[in-house]
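You will see chain A twice below: alongside chain B first, and alongside chain C after that.
Let's look at the complex of A and B:
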């Protein structure tokens, strides 16, 4: 390999769980000969957020005006931008609300003053072009390795466009939706977690976000849930948890309830 | 064919003895309603009267996920990672699933054999078992309800034991090695076998002729059923991943962080997924959910020339395990015109009055 590949890992508003997940990987040692870490505060105190990099990993949701500027700067300085984790890719649970910012602010901070300009939490993609996404809360080690490894050799990683149900079947779990009527979001949720929750008999809450490319059939799944006795509100609430910013969700679910008295 | 009887009281001893031939797998209850083939430690956990396993027995031969080879980019080398397979026994395979494996053989063994499938197929001992159909079974309509081959031993239930058909030299050896466990088949046993088979064939839900089906599916592309049913579909792919004859897979190369070494992995795929029809240039030859939905129906009802049957063996899994409650059988019967009338009842001059496309209850009725 010729020149070292420069990478950066940047954090917006988040729990730092994504970084932690990756910073602890033994495999990272393999990177040393080929990679130069320009910015990764968790690994390197002398990091700088403004140096040019080949690959920028961003975790966290855009939640302040300052972060809007930061992501724009990262974009300018990076050849490839990868959004990492549920907050960066979907806005995270903190973005799952209809309430105005002032009300949210009061509930959490009261009258306290801070030195930043708060905003409602949003996915990174709402502000800059994101080239690739690593999903999950926290994201999977395997996905990170795959992405970084593939980018290192100058190839492009594949996106996951199939649902959790695939992995659930590959592992031979019983289906909690079918057997217990649990509102499992597996059919609309992006795979990659190896169907972790159904493996323990727990219905998927969709933490990896809905499958993209318009193949998350919120409407068809809402129909199944409706037949199992769930109300429109219950269905919406469950599906919104990790998909608050999905523009299709509401409309598709509502369609199933059209003409139905509640 | 050789026939012996395994008296009921010897069943568990026989299962214990099977372990001498390899790791034993058999159907067990994995949850309230589901069964699956699992490795057997305690033979008393084996279910002899299970309905269907959530995963088909193909999982033992065509692994849900497997590493194909390791590579080194810098050295431009690769090394196939074909497992050293120990012999193993799968006990309790229903006739439809034996046909399922025979179908996979036509794909993965006959021409350009798949090495990974082949090593396992050579080491797997198959012990079939008789069954009573439930509401989802339709192997009778697929002519896969009775296996002529594809098993080493086949156990048919008798009131006081099992009538065993011996299908292969391995089957002979298993019987010979344990000859003290077996008895000769008596006239009563034959009567009991006949009685079981009679009851079984009556127990199937449908008794009708499906021979036109694959052509009608092709002719009825505009039928409203396709829209109505694909609309309900979740595109979860469960109908493919539980099917004993689905054989599509997807591969992925995983590169290590040294930027040099890595491996290729394959996993089961489903044609209900977007990427199944995705090709270079971002074109998709099955761009809609409906197109994907239709594809499965056509694929499963296509004609397997080697075996002279359809690719669907009638196991009922794709209906029983569909979380959206979509009934494959019902939808096929809609196309056949058996659920509701498909064609105008008053046939005009232009439309031919006879011809397979309009057949309702032919077979001589009213001719």
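Let's look at the complex of A and C:
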């Protein structure tokens, strides 16, 4: 094998769960001899955020002015940038609010000042070009394996373009939406989790983000929202937990609700 | 010629959860200032969840931290249940504690082997230890995987558990899986004991020796544990959880997005060693034996004892989980979940997260969160941590700066800080 692939794992503002998931893969032991880890502060003291890498994994939302500079530096030094998880791809749950930054600050910190500059949380691609995305809060281990595997053989990871419902139906779970009438976001959320939560009888909270909105075949299930007495506002608020920065969200939910025949 | 002293800084402390740095300012007279810079951005969780539906807010809280997401989830759920006036059955309570123990085992194993141990063996990180320390890395992964698996079975996944809900669980595992869990825990016990033996050999630096006030939740019942309704302090004080604000004051410091806390005007410590200091009389089994035999190493006066205290907890909680599963099985079969009526109310839950006391106070009005206050162990510890880094710096500021940096980081790592947890936490 030729030169080792250089990778970096960088954290912006987040819960560190994506890195933890990555670190928890037993397969990591097989990866270690084949890569050179240039930056991974969570596990490695000898890390640098400015060393050139082949693949940069970025976790977290851009939430301070300092992090704006950091993502630009990472982009300059990386051949491929992968945004990892709900914070990096969608701004994360810290974006689930309409309140202005000043109000949030005042609520939590009062009149006190801190020497660093906070911002409203944003996805990484608002500041730099992102080549690939890994979705989920947290992403599944197999998301990492698939992404790394394809990139290491010179291919690339493809986006999933079908909803959680597909996996849920294949697994034969009782339908949380149809049978319990709970606001399960499975019909409009990107699959890849093997319908993890509905398998436990828990309504999907949409942590992998909205599936591309022009995927039409799931509309019939999504329309059940209205039949079950769930309002457009309710579904929109729930979808915003993990899709606050998705400009097409409102249009998507509106279309679903308008599609219902009275 | 006058000596020139440059500030000694670690921009980004490695091998901790979250993003923080250390800044040590030195002058002719000695150490002038020590700051733990908490640079990870604020996330405003309390402000964000106010006005949201209770179940959706409960889905958000564990996202505060991945290393202790089950702790956040279960503490938030209990605060919400107290607020709406619901008490779960003992069998549900037992299984929730097993889920919580999954978090404890995973977090302690990860911290001890992957974050702490490399310093003592002269490595920059665990990835370099894989060849030479196969056995240790193997044990680390086995214990960590056991914790993850418990969280997956009972919580739906190892990070951000959705299966713990108001009223109980979305779905319970079957009896065979619980029996399997007991078997795996029994198999893990020798590995936990090995961990304890290993960590008895590590140096606890005397530079940071001194009196510390320790706070911990007083466990419900007669066993050392996680849930409780009173806070105990090592100064002999005890107060109901709801009164936490009368005893602990939070304040903003300019070098940190996380607030600092004082107990009766002074820094204090929470964590595994604080639990032992306050509740060691409730230990039983192998852990009690180990504790009695090593009291000299489990001193209340040294933050480095927290590492060994975590190791003793690996032993204790492994045994404890087996007993809790038996308690649940004795009532088998039972309902996964009770219907919970969402009434208006206010509830406070205090639990022992892997890193120490975790407080959730939630107010519910018309099915939505109308007030939220969360204080995490790391926020409690920051002031004390800064003081211990200062003690270390005072002894070593004339040494090679690289040596001081490492020692300062080691003090911080002994606390097992969770910086993501600490940055957002505040009262309204």
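Couple of notes before you dig in:
Basically, the second predicted complex is superposed on the first by the 239 of 262 C-alpha atoms of A that agree within 3 Å, B and C clash if a C-alpha of one lies under 4 Å from a C-alpha of the other, contacts with A are read in each partner's own complex, and residues count from 1 in each chain.
By our rule, a contact is a pair of C-beta atoms (placed from the backbone, for glycine too) under 8 Å apart; a residue touches a chain by one contact, two chains touch by 3 or more.
From a predicted model like this one, the values you see are computed outputs, not experimental measurements.
When the two complexes are overlaid on chain A, chain B and chain C sit side by side with no clash.
Contacts of A:230 after superposition on the shared chain: neither chain B nor chain C is touched. By the touch criterion defined above, A:137 reaches chain C but does not reach chain B.
Contacts of A:118 after superposition: chain C is touched, whereas chain B is not reached. Once the two complexes are laid over each other on the shared chain, residue contacts for A:110 go to chain C alone; chain B is not touched. When the two complexes are overlaid on their common chain A, residue A:41 makes contact with chain C while staying clear of chain B. Once the two complexes are overlaid on the shared chain, A:166 sits against chain B while remaining clear of chain C.
Set side by side, chain B and chain C differ in how many residues of chain A they touch, and the one touching more is C. Of the two partner chains, chain C is the only one touched by A:24; chain B is not.
Look at A:13: by the touch rule set out above, it reaches chain C but stays clear of chain B. Closest approach of chain B to chain C, taken over C-alpha atoms in the A-based superposition, is 13 Å. Looking at chain A, you'll find residues 201 touch chain B in one structure and chain C in the other.
Against chain A, in their complex, chain B makes its touches with residues 30-34, 36, 54-55, 59, 64-65, 73, 231-238, 241-242, 252-260, 262, 267-268, 270, 273-275, 289, 321, 323-325. Chain contact summary for the complex, chain A toward chain C: residues 11-18, 20-21, 23-24, 26, 29, 32, 37, 40-47, 49, 61, 63-64, 66-67, 92-94, 96-97, 99, 103-105, 107-110, 112-116, 118-119, 121, 137-138, 196-197, 199-202, 205, 207, 237-238, 241.
Put simply, chain C touches chain A in their complex at residues 12-19, 39-48, 50, 52-53, 56, 59-60, 63-67, 69, 110, 114-115, 118, 124-127, 130, 141, 144-145, 148, 156-160, 162-163, 165, 169-171, 251-257, 259, 336, 409, 420, 423-424, 426, 428.
For chain A in complex with chain B, the residues that touch the partner chain are 1, 27-28, 30-31, 33-34, 145-146, 148-150, 152-153, 155, 158, 161-163, 165-166, 169-172, 174-175, 177-180, 184, 186-188, 201, 213, 215, 217, 220-221, 223-224, 227.
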